[in-house]
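Presented sequentially are two complexes of subunit A, the first with subunit B as partner and the second with subunit C.
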Partner chain A sequence: MAPEAAAGAAITETRGEAVQHPESSSKRGRVLRELTRYAILVVASAISLYPVLWLISASLKSQSEYVQDPTALPSGLSFDNFSAVLGDHQILGYVLNSLIVVGVAVPVVTFTAVLAGYAIARLWGRAGMAILFVFLFSELVPLAIVAIPLLLTVKEIGLQSGLLRVICVYSVLMMGFAVLLSWAFFRSVPEELREAARLDGCGEFGVFRRIMLPLARSPITLIAVISFIVLWNELFLAVVLLDNAADRTLPVGLTELRGRYVTNWPKVAAALLLSAIPTLILYGLFQGRIANQFSRSTTRE
Partner chain B sequence: MASIRFENVTKRFDDGTVAVKQLRLDVPDGEFMILVGPSGCGKTTALRMVAGLEDVSEGEVMLDGQIVNEVDPGRRDIAMVFQNYALFPHMSVRDNMSFPLKMRGKSKREIASSVDEVATMLGLSELLSRKPSQLSGGQRQRVAMGRAIIRHPAAFLMDEPLSNLDAKLRTQMRGELARMHQRLGVTTLYVTHDQTEAMTLGSQVAVMRDGLVQQVGTPQDLYRSPRNAFVARFIGSPPMNLLRGSLSGSRLRLEGEPEGADVSRHWPQAGGEVLVGIRPEACEIGGDDSREAITISGEVDVVEDLGAETIVYVRSAAPVAGIESGEEKGVSGGFAARLAGGARSMSPGERIRFRVALDDLHLFDAAGGEALSPDQRSLATTAVGGDREAGR
Partner chain C sequence: MAAASQTLSVERGGRRRLRLPRSVTVAKYAMVMPALSLFLVFYVTPVIAGVVISLFRWNGLESPSYIGLGNYERLFEDPVFVDNVRVTLVVVGVSLAVILPLALLLAVCLSGKGRLLPLFRWILFVPVVMPLAAVALLWSEIFNPLNGLANELLGHLGIAPVAWLGDPSTAIWALILVSIWGFVGLHIVIQLSALSAIPTELKEAARLETPSTMKVFRHVVLPLLRGSLTVSAVLTITGTFVYFTSLSFVMTKGGPVHATEVLGLRAYLEGFAALDFGLASAITTVTMLITITLVGGALLIGARTRVEY
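Let's look at the complex of A and B:
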């Protein structure tokens, strides 16, 4: 574990140095390096935080206040927009649709990817690698290219329900990433663990259930959380695939909040902020484990 | 308990490499058999075939008289200790040791009492609730042993179990392994590349090279009458010196040495180019002239004073031959001589002259490396073996 943590530190270190003067080992150099580092971070944070701050500011204004000056700070704290969103049955319907889609697709993706990743890494040999390349390749094709064929395909195979279409396509959408991650994890688990368990009387599935699955908690969490975040916010494919207004997922629904002539931007801002809450909660809960998964492997003894 | 038997076993991998060729080996019930050889000699593959972790390409692997080629690893009733221990990282020590019993459907009470018993025996009682990551190397090693012995298997397979430990711990665990075998008496097949482990642990040792068994015997057999130059070099540390020489008219001459010696009594029929094998401890300075001997002269290169003995590396006039495979590179620094502790101090550059008694010589065919008239040779060694052992 320790060497990997150190390696992680070394990577950040070299990145830092690449930006600044590599020869600066003197105290002044170090201060300068730190300053540059903070400056970059501050700029980066400002860039990503500004839209969020703007959203918050807009969501607290009334429509008339917004029209007068969209960028000005709100005159007071008014949560009318939020209560309007939460009382809007149409929006709540979108939320329900999103929950159904994501609630089915994420477990499907996670379950399938963990099984597939293990089989590719440990059971299927070269055939497995061929399958992995198929998954990898699917990640390289831009969505815009496959969107229309996808729509035709799901219609062709007779998926009438819009939600079912989205669930199927979403599961496929995340599968490449998920299988790749799960494969990479299982490949790092020493082969001897499987062999030892086999000798101790475990069957092939027993090895998976008793040894591999408990070890894979971090990658499983990572796959589930990232799939959730991506799919919860997915807009493009949903727009293509859903032709029934009742089936709209939240991101699609929010785009419909724009009126034909007038758009209530403060209400849209409030809805967008509310829609980000599940993602924030999930990320907050699992942040530690996600960072953990990226920085070190839990399989080392 | 069970015997292990290889009946003309061959292992051919998918890429065409043959790791084990026509292996025939018998490990009788209760034996501690060591498979030793340089890396890549097929010893681990042989072990894994017994475990059922590798398929057998040809021949038969037998456990307790039954052919087990097609038997699932879990049903062979054998336990294996892996080089990296293969402890389950997410389980406590107790759970790791319980695992094989749990898989066999033992009751909770039975499991708990077995674990406690084995833990006491291995000194792990205090550590039962720890995770493997919280243990030292030696402790992990013990847990791996515990997981193996807890279900009283018919045989143990050990794949270099000590190689991840530091030297001191390795010596200590070697002792524990030997004691455990004495106590449990379970048939053990033990793979190592370390000839010291092979010599000290095994009651029988099989030396392998390039997928072939070179010689099987007790450590003493291998040491005193190696069947070929490879075994001679592999067993013993520092390894046996091999010098080029020739034999004609029952006169043995070493290349670069003017004097020869009459060896008609030892190798009456032999002739031609030979390799002359000399154990480092067979070298004497001065010594009594009554025994027939040959002499080797050279210049002292390096002196290693180990207290009880001194190892002197000499640049000899006679060229030192090497056996290409399995040599530890850089270790053979010329001709090595082991002298008893009180040997007078020597300094590099000094001229030195050894006598080696003819009884202590090993002759090998220069082309094939086979020992010359090994039968006669082993008779000779058994006859005098007793007192020479005492003298050493």
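Let's look at the complex of A and C:
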């Protein structure tokens, strides 16, 4: 390690000396490159963000103000639309349903996946890879593709409650991803740790609970956060699985809004924004770690 | 004292060792079971059920009757189904062709150090965390033919208004645009993290050989992105199957005249509107085969592409 690092340093050093001349001559090239880079980023960011900003601007307008000029900035800060949405009992019902579904599914998937990932990585030996591949198959054929057979299965099992159906299915929806993440983490935990704890008289469950679980705080948080973001936003499976209007989750409810608020777009905009707040906050809090996670799970492959 | 504890632990170790195998066996099954049983019931069963039901005529009311490949025969004689397959493949193909290079370009722009770069990284990921329902409704309004943003913009450029979602020739492109808008951020993050995993010494060593940044990128950086590009390709394929189904469900319901009716939506319509569970399951099974073929192809190409220097 040390000699390599030294060699690397040497390379940078020689480069620093040898390339000095050509580099100063290409200074204009470099400025040009930086300019292009930022120009591209500014354009891409504008395209990314403009629809969202426009949504915010629309949500602060009255319907008549919006119709007059959809693109103009709002004349003042009026939160009437937001208070109307928050006072809408039906929407609050959707929010409650979403909270129940996601609030149960996220802990279920997180706990079962962490447990399974640990066992696959540490207790199953080579057979563990076979189990892992079973889980990973769900990444190749997404659950949404088999939505209709899924509905028939769920009915056949006798799950009458729409919310219970969605809870079960949502737990499985994130399972492949969560098991993979947990497996990758526990594989990197030294095997000696487990052996030492075993020798100290811990049973397998004791090892998991006292040693592994506290160590796994970071993958646990990640699984929970990413699952929350995905499940809070999930729409299609909920549409298929819920046949009772009272069970609608927030995303399903939102798609009905256009009809209910007949063309009152500012009000719809306010509801859409409110629905996005939880995931935007979570993303803001965990941004760095979500990005890091992708580097680990994808570069491994 | 030290010696005593040592003998104790040895003794314990010896006693434990005898019981270790059984305890491990119990634990390894018990720990995998919760996740695996949920997975078997709610993922594996529907996948198999889909294949089985596709061999039956079943409307949910009468008991199912076995008709062999009858549903598949009906499908392949149906010109609309052929269109569904075509639309699906166009969506996947265009998404791959746009998302991969675009994500790579933006990731290269975002890589390295710069004070503003974290801000740009944050902004470009925002569409990914927006709820899909919100994205779909938001863009429906943008494509509103009367006073939507899209036509407003065209008006400034002096172009006549377009019906967007109401016109079969534009609807599919409008939806592809939305799905790229909502999706590309994820792929930027994937490429970006792969880029940042490349040691700088490698790039600098290569730069000693050639002054051309393009050559360094092409011969050193690009081959190292093979893994992450494959992951992106796989996620684009499976993602568009899911994402696009929801988008067309909210924005166009598959219309106008089946122009945005991808396979997932067709299966939904057959299962829900027509209560033809056999046909819906046959569509599901065909979709599965297409997905597996495409993903398999992507993985194969990813594995075949050799690292060339």
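The rule is short, and it goes like this: the second predicted complex is superposed on the first by the 234 of 301 C-alpha atoms of A that agree within 3 Å, B and C clash if a C-alpha of one lies under 4 Å from a C-alpha of the other, contacts with A are read in each partner's own complex, and residues count from 1 in each chain.
We adopt the following convention: a residue touches a chain if its C-beta (ideal position, glycine included) is under 8 Å from a C-beta of that chain, and two chains touch if they have at least 3 such contacts.
Quick caveat, the model's predicted, so the values are computed rather than measured.
S.K.: Considering only the touch criterion stated at the top, classify A:193 as touching first (subunit B), second (subunit C), both, or neither.
M.R.: First partner only, subunit B.
S.K.: Just checking: does A:203 make contact with subunit B only, subunit C only, both, or neither of them? Give me first, second, both or neither.
M.R.: Both partners.
S.K.: Examine A:106 and indicate which partner it touches, taking first as subunit B and second as subunit C; both and neither are also allowed.
M.R.: Neither partner.
S.K.: Which partner does A:214 reach: the first (subunit B), the second (subunit C), both, or neither?
M.R.: In the superposed model, A:214 contacts subunit B only, not subunit C.
S.K.: I'd like to know which partner A:232 touches here: subunit B for first, subunit C for second, both or neither.
M.R.: second
S.K.: More residues of subunit A in touch with subunit C or with subunit B?
M.R.: Ranking subunit B and subunit C by residues of subunit A touched puts C first.
S.K.: Once the structures are superposed on A, label A:124 by its partner contacts, choosing first (subunit B), second (subunit C), both or neither.
M.R.: After superposing on A, A:124 lies in contact with subunit C but is clear of subunit B.
S.K.: Would you sort A:174 into first (subunit B), second (subunit C), both or neither based on which partner it touches?
M.R.: Neither partner.
S.K.: Answer with first, second, both or neither: which of subunit B and subunit C does A:224 touch in the superposed model?
M.R.: Touch status of A:224: no partner.
S.K.: Considering only the contact definition stated at the top, list the common interface residues of subunit A for subunit B and subunit C.
M.R.: Residues common to the subunit A contacts of subunit C and of subunit B are 198-201, 203, 298-299, 301, listed in rising order.
S.K.: Tell me, which parts of subunit A touch subunit C in their complex?
M.R.: Subunit A reaches subunit C through residues 8, 11-12, 14-15, 18-19, 22, 26, 33, 37-38, 40-41, 44-45, 47-49, 51-52, 54-55, 67, 70-71, 108, 111-113, 115-116, 118-120, 123-124, 131, 134-135, 138-154, 157, 168-169, 171-172, 175, 179, 198-201, 203-205, 208, 229, 232-236, 239-240, 250-252, 254-255, 257-258, 265, 268-269, 272-273, 275-276, 279-280, 282-284, 287, 290-292, 294-295, 298-299, 301.
S.K.: Of all residues in subunit B, which touch subunit A in the complex?
M.R.: So the residues of subunit B in touch with subunit A come to 51-53, 72-76, 78-80, 82-90, 99-100, 103-104, 132-133, 140, 147, 151.
S.K.: For subunit A, which residues count as touching subunit B in their complex?
M.R.: 1, 190, 192-193, 195-203, 206, 211, 214-215, 298-301
S.K.: Can you tell me which positions in subunit C touch subunit A when the two form their complex?
M.R.: Going by the criterion above, the answer is residues 9, 12-13, 16, 20, 23-24, 26-28, 30-32, 34-36, 38-39, 41-47, 49-50, 53, 105-106, 109-110, 116, 120-127, 129-134, 136-142, 147-149, 152, 181, 185, 189-190, 192-194, 196-197, 199, 201, 204-205, 207-208, 211, 213, 227-228, 230-231, 234, 238, 241-242, 245-246, 249-250, 264, 267-268, 270-272, 277, 280-281, 284, 287-288, 291-292, 295.
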